[in-house]
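Two complexes come next, and they have one chain in common, chain A, joined by chain B in the first and chain C in the second.
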Partner chain A sequence: MRSLNPAFKLIGLLAVTFLLAARHDPLLSLSAFVISLIAMLVSRVRLKAMLLLFLPVFLAAAGMFFTGYRFAAGNSMPVRAEILHIGSSAVWNGLTLSSRVLAYAGLGLLFALTTDRIELIRSFQKQLHVPAIFAYGLLAAWGIFPHMALEYRRTRAAFRARGIHVFPMSPSLLNPLLVKSVRWSEELAIAMESKGFDGRTTRSEFAPVLVRTSDWVFLAVCCLGLPAAVFFL
Partner chain B sequence: MSIRFEQLQFSYFKDGHDVIPGLTAEFHASNITVLTGVSGCGKSTLLYLAAGAYPHNAGILRSGKVTVDGIAPAELLPPERCRLAGMMFQNPELQFCMDTVKNELVFCLENIRTTPSEMEPRLNAALQFCGIAHLKNRTLLSLSGGERQKVMLACLVALQPKWLLLDEPFANIDDRSASEIAEKLGQLHQEKGVGILAVDHRLDNWVNVASTVRIMEKGRLLPETLSPKNLDFHHLEERGIIVPGGSYGVHRCSGIAQNKVLELRGLTLRHGTTQILRGITASFYRGRAYAIVGQSGCGKSSLFGALLGMYRYGGQALLDGKDLKKLRRKELGHIGFVTQNPQDQFVGGTVLEEILSSLHGKAGAAETAEKILKSIHLWRYRELSPYLLSQGQQRKLGVATLMAYDCRVLICDEPTYAQDRNSTLAIMDTLCRQVKDHHAALIFSTHDRQLALDFADEIWELEGGRLHAVTQSGL
Partner chain C sequence: MKQKHWELKDVIMMAILGAVFAAVYLAVFEGGLALSTLLTPFGLAPYGFELIYGVWFMASTLAAYIIRKPGVALITEVLAAAVELLLGNSGGMTVVLTGVIQGLGAELAFAAFRYRKWNLLSMSLSGIFSAILIFCFELYYLSYYLVSPSVLAGQLAVRFLSAIVFSGIICKLAGDGLAKTGVVKSYAIGATVKTARVYDEEE
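Presenting the complex of A and B:
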């Protein structure tokens, strides 16, 4: 998965999620989930990172299962003993919902864990013709995120030091953050410009992101093969 | 080969006053010139104009002309402009947009349309020159301030500009990195003939490298050309400039030493896997001033951050015998904080609120606030947001909020950071008054050893995660 062209990978996986959205088949969703797990393992994603990320996903899936199970069509609101028996339609309903959570999380993480963001931006520019100013702006903004977290802690500490109580994420805490991020973006823009970045003129490419046959095959399978298979089988 | 300013008149706002009211000057590429002057004198503005960043990004050029080697930089597109003049900024955290050192250098070279086969050797040579070849594949986030500034220098070396414009390049980095970078700059100038124009309010790091020092005052360039080897200290002091190794000529602020107010017992702190503080034990008494010195990155800000409640720490910090972690919010207000960047401590929407919030609705709060604001000449800005004040005014406001406090301990992280001599004296005077009149204990960190010598009763050095007392003569 790592060697696939990032833009092609994104489009292909998006096509699969649309396909899943249109079908309410737990077997299909579950197999999408299992395939993404296998793909991640084959692409040597660290097992620990995977387990940590999937923990909340499994919780959400379990929650969705019981929601679907308990509130299957035809069930009434007040809890009665007889509705908690295992009815196949209720189980099916629960499975449909929870398998969708798993499938979407699986596909999303498959993309996130096997894609380098710099490569993604380069491929957006090359294959999808996203303007450079937008692509590199995104990268620069990404670099600011760690500052935001630190700045938030700083502001909260400032309030604490004055003996003032504030709720987390309250406007008085976010205001300074907003002011500062505007200032940061200005500074960053000037710094990028002073390194010769323009956004309008053409740039040379150190390692152009290529499209190989395997990328086309992947795209064809995701966008045409899978829908056809699901439709005919 | 020179940078020329002709009849330059520049303002940041349409109806604002001129930051530079008609300046004519020429700087030759054969010199390393350092422009100095008090904060707000227009020296950085001049540099941004030479780099072509202004008026493109901010401000209005009312009249006059800027040329670098005969070319107007503002009329060039960025890829050409950066070959003419490269710029280095004070904040090493906000200069990069890629993830790793190599990618950042590639980004620079792609901008100037270097052919791909040339890139690898060129970026390797630049890294080698700056002595950071080992950092090539590191992420920029994992680098220290000094290392990042070296990466920035490597970017400039790779871009091969004819001029280097430096805006307080040493402001945020440790002394060792600063002297290493200064040495590289000298080498670039001598070997490759790169013209260098730098702006700095401190001259310490330039003494061995620069060939001329010029002083700016209120947007004007003073006619005299100084040689950094034999600076006239008295003359510089008169102009409000901090003199390398020069005394502030003031007496210590010590009041009458009283009871112990803050005690640290085996304080430890780690960021990730790095142990920053390894058991700090110290006692601080009311009515005394303590300076904490040490290299950048030795953990001064982390220590203060821990006391401020930003980081979790091991061990105990006791305020009047009570554990800081168990104190109620009201009692925490007995410690006054001044942060390195004044913007980090603002809590109010307006300048007036900023002062009022320290008074906690005490009787006569409005009158007290008015008195304080008038004394620092900010009363007419009372309805403005504190973020709209100038840097110097923000610092004044930050320190003034402490006057409204009834605090027992004042903890100040580099309170005079990026201030000129006069503001430094004014700030220290305010802090000392708290020590004398309210018998507070003042603990301040500084990288200006002279400031520590002149104002502190005791000097502590933070080194290797431990705090130890230094005798006055030991510095």
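Presenting the complex of A and C:
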């Protein structure tokens, strides 16, 4: 998964997500979830990161299950529940809702954990023709992200030093962060423009993002192959 | 003051606001999850998220309030969603799509006022428009129509309230607070607020 072109990967996985949204089949959703887990393991994602990120997903899935189980809309129930004898239709309803939470999260994390951020933005600019001003603006914002985390911790420490207890994400913590961000954005813009950045001129690239045959194959399978397989089988 | 094209300064501002709010969104997501897990045994899990749903409309409203140019609300929300995806959220790929939808809702509200009114009313309306659009999407995408209509109506009502509180009242306060500090002087919002002036003795 790592070697695929990021923009192509995004479009392909989005297509799969929509395919799942169009079908109300818990088995299909669950198999998509399992496949994305396997794909993550194959592309050597760290197991600890995976477990940490999937913990809230399982909680959300459980929440959705009980919502669907308790508040089933009686008449819009799929008829297939009776055919499959999985139990009462309420269980089926809950399973449908919760399995898609799992599948969506699986696909999303598969993308997030196997994609290099900077390469993704570059590929947006190159393959999807996002204007350069946005691509470089996003790169600048991405570069400043660690500073934000640092600033947040620093403000928190400052409050603690003064003996004031603040909750995480409270306005008194976010306001200094906002003020700083505005400052940074102005300084960055001035810095970039003073170095001759101009969104209109074409630039040469240090590391061009390429599209290979395997990218086209992946896209074809996700956008054409899988929908055909699901709808005709 | 009617310059309609975007400068690099505006774009970076949007990207950075998007990044800040992406972090906030993720943190709030965990909080919402805790809230809805508490409500799960009662089958009221969705209400946990409805209470804080307005937080997800804040990036677009605040950015639009500061920069005041057409398209700002939409683009900021999309950027925030993109950063959220890159940080690894558990909502999946479509977070970018929901960003587009919410941003579109906010943009519509400001467009309805022809980008001239920037007050509590237009900001609350932008939150409500976002809420309506995203609810229609979820009805299909999360198959909410499998849930009974009375629960859905309750959800929508709570979501409206949350949209007004977060994207209306809190964003307005945050924007005005920022304007008072004087850092946003070079943006459209800075022209509306008088900041304290410091005179040099030399003058």
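Assume the second predicted complex is superposed on the first by the 179 of 233 C-alpha atoms of A that agree within 3 Å, B and C clash if a C-alpha of one lies under 4 Å from a C-alpha of the other, contacts with A are read in each partner's own complex, and residues count from 1 in each chain.
Convention: a residue touches a chain if its C-beta (ideal position, glycine included) is under 8 Å from a C-beta of that chain, and two chains touch if they have at least 3 such contacts.
Note that this is a predicted model, so its numbers are computed, not measured.
When both complexes are overlaid on chain A, the residue A:L95 reaches neither chain B nor chain C.
When the two structures are aligned on the shared chain, A:M40 is found in touch with neither chain B nor chain C. In the superposition on chain A, contact of A:C222 is made with neither chain B nor chain C.
By the touch criterion defined above, A:L188 reaches both chain B and chain C. Touch counts on chain A: comparing chain C and chain B, the chain ahead is C. Using the contact criterion defined above for the overlaid structures, shared-chain residue A:L10 touches chain C, although it does not reach chain B.
Once chain A of one complex is fitted onto chain A of the other, the partner contacts of A:F197 extend to both chain B and chain C.
Contacts of A:L113 after superposition on the shared chain: chain C is touched, whereas chain B is not.
Of the two partner chains placed around the shared chain by superposition, chain B is the only one that A:I164 touches, whereas chain C remains out of contact. In the superposition on chain A, A:L28 contacts neither chain B nor chain C. Where the contact sets of chain A with chain B and with chain C meet, they give residues 117, 140, 175, 179, 184, 186, 188-190, 192-193, 197. Taken in their complex, chain A has these residues touching chain C: 10, 13-14, 17, 21, 24, 53-54, 56-57, 59-60, 62-64, 66-74, 76-77, 93, 96-97, 100, 104-109, 111-113, 115, 117, 120, 133-134, 137-138, 140-142, 144-145, 148-149, 168-169, 171, 174-175, 177-179, 181-186, 188-190, 192-193, 197, 199. Against chain B, the residues of chain A that register as touching in their complex are 117-118, 136, 139-140, 143, 146-147, 151, 153-155, 157-165, 172, 175-176, 179-180, 184, 186-198, 200-207. For chain B in complex with chain A, the residues that touch the partner chain are 48, 51, 53, 57-58, 77-79, 81-83, 86-87, 89, 91, 93-99, 103, 106-116, 119, 140-141, 155, 159, 305, 308-310, 329-333, 335-337, 339, 343-347, 349, 357-358, 360, 385, 387. Within the complex formed with chain A, the residues of chain C that make contact are 6-9, 11-20, 23-24, 27-31, 33, 36-37, 39-41, 43-46, 48, 75, 79, 82-83, 85-95, 97, 140-143, 145-149, 151, 170, 174, 177-178, 181, 183-184, 186.
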